[in-house]
Structure formats: structure tokens, C-alpha cells
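Okay, so chain A shows up in both of these, paired with chain B first and chain C after.
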Partner chain A sequence: MAKITLMNVSKQYKGGAIQALKDINLEIEDGKFFCLLGPAGAGKTTTIKLIAGVEPVDQGKIFMDDQEVTHLLPNQRDVAVAFETYALYPQRTVRENLAFPLRAPIRRKEWSEEQIQARVEEIAKLLGIEDLLDRLPRQLSGGQRQRVALGRALVRKPKAYLLDEPIAHLDAKLRHRMRGELRRIQLELGITTVYTTPDQLEALSLADQMAVINEGKIEQVGSPAEIYQRPANVFVARFVGDPPMNIFHAELEDATLCLFGGKKLGISEPLFSKLASAAVEKSLIIGIRPRDIRVLSPSSAEALWRGQVKYVQVLGETSILTVSTDSYEVRIKVNSQEAPKRGEAVGLGFDVRDCHFFDPRSERRID
Partner chain B sequence: MSLSAQTFRPVVSAQKTAFLSSRRLFTWLSYLLTALLVVLFLFPWLWVFSLGFKTRAEIMSPNIVWIWTPTLENYIEVLINKGYWRLIVNSLVIAVAAVALCIVIGVPTAYAFSRFPIPGKESWFYMILTFRMAPAVVLALPLYVLFARAKLLGTFVAPILAHCTFTLPFVIWLMRSFFDDIPKEIDAAAMTDGYSRWETFLYAILPLVKSGIVAVALFSIIFSWNEFLYGLILTSDATRPVASQIPSLIRPHGTLWGEVCALATTASLPVAFLIFALQRQLVRGLSFGAIKG
Partner chain C sequence: MNSRRYIIWWILPAAILFLVIILIPFLTALTFSFRSFSFTSSLSTGQYIGVDNYRKLVFDNDFYNSFKVTFLYMVPAILLQGILGLGMALVIAGAVRRARILIPIMLLPTLLTPVVIGLIGVLTLNPDFGVIGQLLKKWGWVQGSVLGNASTALPAIIAVDTYQWTPFIAVILTAGLLALPKEPYEAAQVDGANPIQTFFRVTMPLLWPYFVVALLIRVIDAFRIFDIIWVMTRGGPGTATETVAVYAYRHTFRFWDFGYGSALIMVIFVFISILVEYLYKALQRWQAAQ
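== the complex of A and B ==
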């Protein structure tokens, strides 16, 4: 178990043509489940590879606990990795793949043959691959291979697990179950885990701490609640939350916010002065979550906007409405029973307390 | 409707027959070509093979003798009376030792070329490859002087090392492409599984190129076995490989064709046998990418 620290870490590929990571600073606390959330190509896999020591760091330092590991080889770092590309040993059976880490010469004294077999069976059962133990990787489906790759990481108890999208290729039901299993194992063993995913829901539901990464830069670090409730910038606001946050421009006027469509929203004096000092030529970016918008009758006095329901997407209990107003399409999450019909005219209202404000130039949150 | 169908149908079947017969023709042509090639390649070998079983009179006869009683006298004379069977052992010692040495050195070198960021890597790699391209004669004289100074002339060490000059580049060159075919993630996985760089090579990567190593070793053994020049000039009578000894049967009073052919046949048999026995392995080893997981 270990705390993992990345200090000003940068990484380039192809002789500097591709800047994969830019000046990354991260502190992953001991024993925590840490999710690295970001879109494809954000630098998640690169981060995992650098922590594992599989690729050299160009600039910066990596520490595990207080020991610098920047120049240590992977086998000297004692981390277990589940690779996104599986990287199974093609000529070995599933059983031998799972046993491979336990058979490493440095662990020869720790594990007897019986212990190895018992541990392999245990892990296989956990991942539901006990019937596949004598198959070769090429005889497995993608999801099965991914479980073997995950099993090869979980089979031992290292200082840290580094899991690179470890359940991305499983079907939805199995993925849900594996998510629960992973969280349970991690809580049981208390081993520091770094877990990458492009799926914000997965990150929010699994992580103790998480970071949002985009184009090689860390956008925000925090608990899932912090990230969801107080996104640090427009990117995080849009990326975390499904459907994404509604983002639009507004003007500050006297003691009011002028929204599109000309409606004015009264705001308190302290909020006004705070926004006024951050606004650029009175302009601001406002974000509001789909579930924070209320659907009203079009004639309601509270309605800030009026529009027409363009689509209704029913997700079981809740439904996502797409309402087109004069200038923007607004997404709203409502209870399915209360959902208006497609084509219906509606009024929309929200509370200023639910608004997120962002600086229009830096796109950073205004607090 | 029915009319057009009726008029249309014969046209189709005519086209079909034309197509079929042209396909059959193509098949027959390819058989013919194959047969021609087989005859072309097999004829010299059959000629040598048959001469080995003829008497000197039959060989020297102005008319080709098609039917004769095979004799073993050439074989007995050259292998037993002249004692040349020992040369087969010499060839074996030289080829096996040279190839073993080249595999032991060349396979890890190829792995290093495939995986490590060596400065000027590609230039080094093509330099090594160039050694393979050089004709043997270019190195013959320098090697002769070198081994003479080192007092290694006439020992097995001289031809073994000399054969490495062409076998080693071959091993490095071919093995690198096998290693290049293995995703680097496999190395990464083994190293994070707790294996050192060397153990990763040994336990995770080497098992993946087994068939490649067999194919490369086989080719190298054949190169070494058939090598003539170094075997001739760097060895003594006691250490000479079989291929290089054949010219000794060209005597001032005439060439002993029967013995030449008997010795040549004996020398080719192990190679022919090797290729035949390991045919599948060879093809599999040489079809790159077959080892991908």
C-alpha cells in the first residue's frame, strides 16, 4: 500500500510531436480508490504507464510513499497493471496467465505450487472465468480476455493496482457486477487503486477521489461530490453529468442577470459584486444541470424561457427533454410521469442558486 | 418475360462453359509449369545421384548409360577407404557450433534492436545487414591473416567464427522482425508482473518466438553446412568440412567423378532430410505474424 505522487510530470511521444501529458501534479492518497476520468486520447493510459514505469518520464518526478521511483523499473515498483489492450501471453492458457505474476522469480519463495493454484482458482471464480482456465487467449471473446487481464492484476497484493479501463469491454450487466466486485475487493484489501475510465458515471460511483483529465492536463481533482457539485471549469461541467450541463451566455445588468430571450433574473448584492469583478464586459458563462430546470406552463409568471419540446427520451424512471427556445437547445431531466409530450409548448424556470458561473475567457469557475 | 428468359439462358451457360474451360486450362498450365520447374531443379541433383552409383567406365562412356547395375564402390572408396566419413562429422561440428553461437548471441541482440532506444539504431542495424551482403571472398584474406596470427588456422575455431560472419547478421536480421511482431505491451505486462528485463525476455518473449528460432537455426545450419570457401582455406585435413573437400578428388590424372558424386550425395542428404522433416516448422516460422496472440 502506498501513496502515489506525481510532480510536474510531462511526457511526449514521437520526439515531441505529441505532448501526451503536460505538467501533471497528482497526489493519490494511500488506500484510496482513485479514478482518472477523461475522454479518449486525454492521457489516461500514458499516466498509468508512467506510474507503472513501463515508459520513461520526460520531465518531473514520481514518488511512491516518500521514495522516488521515477527511474525504477516496473518490477522494482511492485504495482499490478491491467492493460487496456489486455497484453495476455498468447501461448499460455488462462490458468498460466493468471499464475504468471505469482511465478516471477522474485516471488519464488513466497508462493508454493498449491498456493498458486488455489489463488488462481479463487480469482477465476471471482471474475466468472473458472470454466475458461484451460483455454488460450485467442479462444476467448474480448470481454473474457479483459477479465483475464484484470485477474492477472488482482491475483497478487501489490502496493498499488493500476487498472486501465479494466471493464470497458464487458457487457452492461457484467460491467455493473464487476464494478461492485472491484469496489468490494479494494475496500477489503485497502490497496491504493488508480482506475481510468471515459465513463463519468463509473468514476462518480467508484471513486474516493477522482481527477478529470483532458488533452494531457488535469482539469480538476476532488471527491466525486465536489466534482459534480462544483465543477472547476466548463470542460468538467460538460463532461461530468449525464446529460451534460446546459451552458449559455448571460449579461450582468444592474442588479440582474440578463438571460437570452431578454428575461432578467434578480440576484443578491454579494453575488452581483462577485460576478461583476470576474465578468468580462459584463458577459458571463452560466451552467445549469438538466435536473435543476423546472418545466412550467408556458404562461407561468416564473417561466424564464418559453420553448417547444423537440425530443423526449425516456430512460425508465426519468426522461430527458430537449426543448428548443429562441437561441439555445436546453436539456432537462424530469420524472417520466411528469414529462410533457413532443411538440408541446413549455415554460422553463430555474433558481439562481442552482447556477454555475464561469469566467468567459478562462472558462474557470467563479466562486 | 418467358421469351427473354428462354433466349437468355443459353447465353449464360455458354459463358459459364467458356469460363470453366478457361479455368481448367489455367489449372493445366500451372501444373505444366510446376512440372517444368521440378525437372529443372531436380535434374542436376538426379544426375549427380545417379553418377555416384556408376562405375568409372559407365561415367566416361561417350553415350549416356541409361540402364546399369548400381554399384556402391564409389561410396566405399571415398567414405571408408579414404576415410572421408570423418568430414561429415567435421561439417556437423562446425555448423552446429557456429549456429549455436549465433543463436545465443544473435537472439538477444535482435531483441535489443527491437526494444531498446539505441542511438543510431537503424544505421547499426543496416551495417550489420551489410556484412551479410558482402561476398565471402572479401573477408577470406583478412580472416586468413587474422586466424594465422591468432594461431587458430586449422582448428575448428577458425571456420566456426568465420561462419558467424554471415550467420550472425542473418539471425539478428530475421529474429528482429519476429520480435517486432510481438506487441510491446507483452513486455510491459511481464515487467509489471514482477519480471526483470532479462527474465521478461526469457519467460515471456522467448517462448513466443520458438518456431522462429527453429526456422532461423535451420537456415543457418544449411548455410554453414554448404559453405565452401572458409571451410577450404581456414582448415586443415583434420578439420575440413565435407563440402570443401570435394575438390581434392580432382586429381592430376583426372577427376574421380564417381567419388565426387558419391561424396556430394552424402553431403546433401542430411540437409535434404532436415528440410523434409521440419518443413512445417520452416513455413510456420517464416510466415511472420503467425505468432501474434
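== the complex of A and C ==
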């Protein structure tokens, strides 16, 4: 168990042509479940590989607890990695794949053969692959291979687990179950875990702490609640939350906020002065979550916008409406029983307290 | 416009090439093998003689000997070239960023024509003025001429063949090594595997398909090897280096027995087809069983 610290870490590929990570600073607390959330190509895998030590760091330092590990070999760092691409040993059975981390020369004396077999069986049972132990990787489906890759990481009790999209290729039901199992194992063992995923829901539901990463830069670090409730910039606002936050431009006028469609929204004096000091030529970016928009009758006095329902996506209990107004398409999450029909005219309203404000130039949150 | 009418025009050049280069010669040889075409005999009118050529072949001990020689050449040559080629590939793949210039230099022997390679072999092995021939004589390893001795002629040919073809295998394996995924190596590093374990757990299994390709190409080549042997020994001394291709050539173009030569070629052709098919399946099974 260890705290992992990345200090000003940068990484380039192809002789500097690709800047994979730019000046990353992260502190991953001891024993925490830390999620790294970002779209494909954001630098999640690179971060995992640098912490594992399988790729050299170009600039910056990595610490585990207070020991610098930047130049240590992977096997000296005592971490276990589940690779997104599985990276199983071909020509070796699932059993041998799972057992190898325990048998490796550097740990030769630590485990007896009976202990190894028992541990392998235990992990296989946990991952639901106990019937596959004598098969070869190429006789397995993608989801089965991924579970073996995860098992090969979990079989040991290292200082840290580094899991690179470890359940991305499982079917939905199994993925849900594995998510629960992973969290349970992590809580039980208290081993620091770095977990990457492009799935915001997965990150929000698993993490103690998380970071949103995009194009090699950390956009925001915080607890899932902080990130969901107070996104630091427009990227995070859009990336976290499903359906994504609605983002608009608005103008500050006198003591009001002028929305598209000409509607004015009264705002309090302290909020106005705060926004006024941050706004660029009175212009602002407003974000509002689909859940925070109310569907009203088109004639309602409270309606800030009017529009027509373009699509209704029923997700069971809730439905997602896409409403086209004069300038934007607005997405709204409503209870399915209250959902209007496709083509219906509706009015939309929201509370200024539910709005997120962003600087139009830097796209950063205005607090 | 009906596009189907055009398809014929697109296929035609390839079809004509196939017909002229492969199909017509093959069918000609096939018909020859059922005829008497011996130009050294007054009866060589090309008349149809049924399976007489094949019947003769079944009782031809020299023909069996040529198969034996082919295998005696093929097995050690391929083993040697596989091992050396792998070593070379590991060096090239490791150095490829820093020493790209090495690759064309190492490939030089493969680029030369076999006749030239054969001549190089003859000259270097000459006991009077060849570099290696003189040394072998001086150390007393070989009495007289390397190529004139039935027990050393075939090893000499294997050595020269290896000189020419090892780089070819190295190139195939280098391409394989450079195309291997990085992650299994990284997993091995994290797990704490030592270099030998990494080689046998990761490199060899992943590289195996490339080995199979190289091996099959060389097996087929072994049944065609002619130039080097003809230049160096003409199949001699005696029949010590007479492989199937040399034997078929001798009958066709030395004894001018086109009928019998064609029958030999047909048998060799069928044999290679079966052998390659069998080897390919066996190698796949072997991999599956590992």
C-alpha cells in the first residue's frame, strides 16, 4: 500500500511529435480507489504505463510513498497491472497466466506451490473463470481474456493495482457485477488502486477520488461529487454526466442575464458583480444539467424558452427529451410518466441557482 | 453500362499471365510425362506410352537417393538457418533504430544470384588458394578438396546455402519481431520475468507464425535447390549431393529424356504439395498443443 505522486510528469512519443502527457501533477492517496476518466487518446494508458515503469518518463518525477521510483524497474516498484490489451502469455494456460506473477524469480521464495494453486483457484472463482483454467488465451472470448488479465493483476497483493480499462470488454451485466466486486476487493484489501475508464458513470460510481484527463492534461481532480456538482471547466461539464450538460452563451445586461431568445433572467446583486468581473464583453457560457430543466406548458409565464419536442428517448424510469428551440437543441431528463410526446410544443424553465457559469475565453468555471 | 462486362478485362491480364507462365508449362510437362521423349534414342518420337515413365521411376534407386540427399541437405540447413536467422533478427530488431544501415549490408548474400554464391563457395573452399579450403587442409580437417570428398561436399553446400539464406530468414523474423505487440513484454516486466522467461513465454510463441512462414518457404526451396549445387559439385562426387532438382535436371537436359524428366517433376510436385500441407497442419497442431 502506498501513496503515489506524479510531479510535473511529461511524456512524448515519436521523438516529440506526439505529446502524450503535459506536466501532470497527481497525488493518489494511500489506500484509495482513484479513477482516471477521459476520452480515448487522453493519456490514461500512458499514465498507467509510467506509474508501472514500463515506459520511461521524459520529464518529472514519480514517487511511491516518499521514495522516488522514477528510474526503478517495473518489478522493483511492486505494482500489478491489468492491461487494456490483455497482454496474456500466449501458449500458456489460464492457470499458468494467473500463477506466473507468484512464481516469478523475484518472488521465488514467497509462495509455496500449494499456496499458488489455492490463490489461483480463489481468483478464478472470483472472476467466474474457474472452468477456463486449463484453456489457452486464444480459446477464450475477449471478455474472458479480459477477466484473466484482471486476475493476473489481482492475484498478488502489491503496493498498488494499476487497472487500465479492466472491464471495458465485458458484457453489460457482467461489467456491472465486476464493478461491485472490484470495489469490494479494494475496500477489503485497502490497496491503492488506479483505474482508468472512458465511462463517466463507472468513474463516478467507483472512485474515492478521480481525475478528468483530456489531451494529456489533467482537467480536474476531486471526489466524484465535487466533479459532478462543480465541474471546473466546460470540458468536464460536458464529459461528466449523461446526457451531457446543456451549454449556452448568454449576455449580462444590467442586473439580468439575457438568454438566447431574448428572455431575461433576474439575478442577485452579488452574483451579478461576480459574473461581471469575469465576463468578457458581457458574454458568458452557461451550463445546465438536463435534470435541472423543467418542462412547462408553452404558455406558462415561467417559461424561459419555447420549443418543440424532437425526440423522446425512453430509458425506463426516466426519458431524455431533445427539444429544439430557436437557437439550440436542449436536452432534458424527465420522469417517463411526465414526458411529453414527440412533436408537442413545450416551454422550458430553470432556476438560476442550478446554472454553472464559465468564462467564455478560458472556459473555466466562474465561482 | 453493365459492369460485369468490364470485369473480364480487369481479370484478363492476370489470367493470361497465369496461363502462359504456370498453366501451359505445367500441362505440357504433364503430357510429356506420359510420352516417350528421349532425344538420345532413335525411338524418341513422342509417342504415348502410358504410365511407363512412372513405372520406371518406382524402381529407380537413384531417384530415392535424390530424396534422401534432399532431406540430408534440407533438415540441417533449415535448422541452422532458423537458429542463425533468429539470432540475427534479434540483433537487427534491437539495433534497428540506431543501425538501420546494417540491414542492407546483412542482406547482401540473399540479393546475389545463387550462381555467384556457388562460385564464391567454390573459390573459398578451394584447397590450394581458397581462404577456407586452405585452412581446412592446414588443420587437417579435410583431406584434399572439400567438394571432391563425398562426406564433406554436402556440408559444404549446406554452409554456402546458409550463407545465402540466413539473412532472408532474419528479415522475415525481424519483420515479425518489430510487429510484435509491446504489452506482453511490459506485462512480463511487471510480473518480474527474467530475460529467458520473457523469450520463451512471450517472444517465441508470438514469433512462431513467422517461423512457420520462413520454414515453409525454405522447405519448398529445398526441392528446387539447383544453381548452387550445379556450380559447386554438379551433384557429385558420385551422387553425394544430387538432390531431386539436380536429378530431374540431369535426366531432362543431360540425358535428354524429357518424358522421364517430366515424370520426375510431376512426382516431386505432388510430393511437395503433400509435404507442405502436412507440415503446415503439423506445425499448427504443435502450436496448439503447446
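Quick note on the criterion: the second predicted complex is superposed on the first by the 367 of 367 C-alpha atoms of A that agree within 3 Å, B and C clash if a C-alpha of one lies under 4 Å from a C-alpha of the other, contacts with A are read in each partner's own complex, and residues count from 1 in each chain.
In the analysis below, a residue touches a chain if its C-beta (ideal position, glycine included) is under 8 Å from a C-beta of that chain, and two chains touch if they have at least 3 such contacts.
Because the structure is predicted, anything quoted here is derived from the model rather than measured.
Asks: Sharing chain A, do chain B and chain C clash or fit in the superposition?
Replies: Once chain A is superposed (C-alpha atoms), there is a clash between chain B and chain C.
Asks: Looking at A:V81, would you say it contacts chain B, chain C, both, or neither? Reply first, second, both or neither.
Replies: Both partners, chain B and chain C.
Asks: So in the superposed three-chain picture, is A:V346 touching just chain B, just chain C, both, or none of them (first/second/both/neither)?
Replies: So A:V346 meets neither chain B nor chain C here.
Asks: In the overlay, answer first, second, both or neither for which of chain B and chain C A:I267 touches.
Replies: After superposing on A, A:I267 lies clear of both chain B and chain C.
Asks: Clash with chain C: which of chain B's stretches 1-9, 37-45, 91-99 or 145-153?
Replies: 37-45
Asks: Both chain B and chain C touch chain A; at which residues?
Replies: Touching chain B and chain C on chain A: residues 49, 52-54, 73-75, 79-81, 83, 85-92, 100-101, 104-107, 152.
Asks: What does chain A use to touch chain B in their complex?
Replies: 49, 52-54, 73-75, 77-81, 83, 85-92, 100-101, 104-107, 137-138, 152, 156, 162
Asks: Where on chain B is chain A touching in the complex?
Replies: So the residues of chain B in touch with chain A come to 183, 185-186, 188-197, 199, 203-204, 207-208, 291-293.
Asks: For a test of understanding, state which residues of chain C touch chain A in their complex under the given definition.
Replies: Result: residues 181, 183-184, 186-194, 197, 201-202, 204-206, 287-288, 290 of chain C touch chain A.
Asks: Spell out the part of chain A that touches chain C in their complex, as residue ranges.
Replies: That would be residues 49, 52-55, 73-75, 79-81, 83, 85-92, 100-101, 104-107, 136, 152 of chain A.
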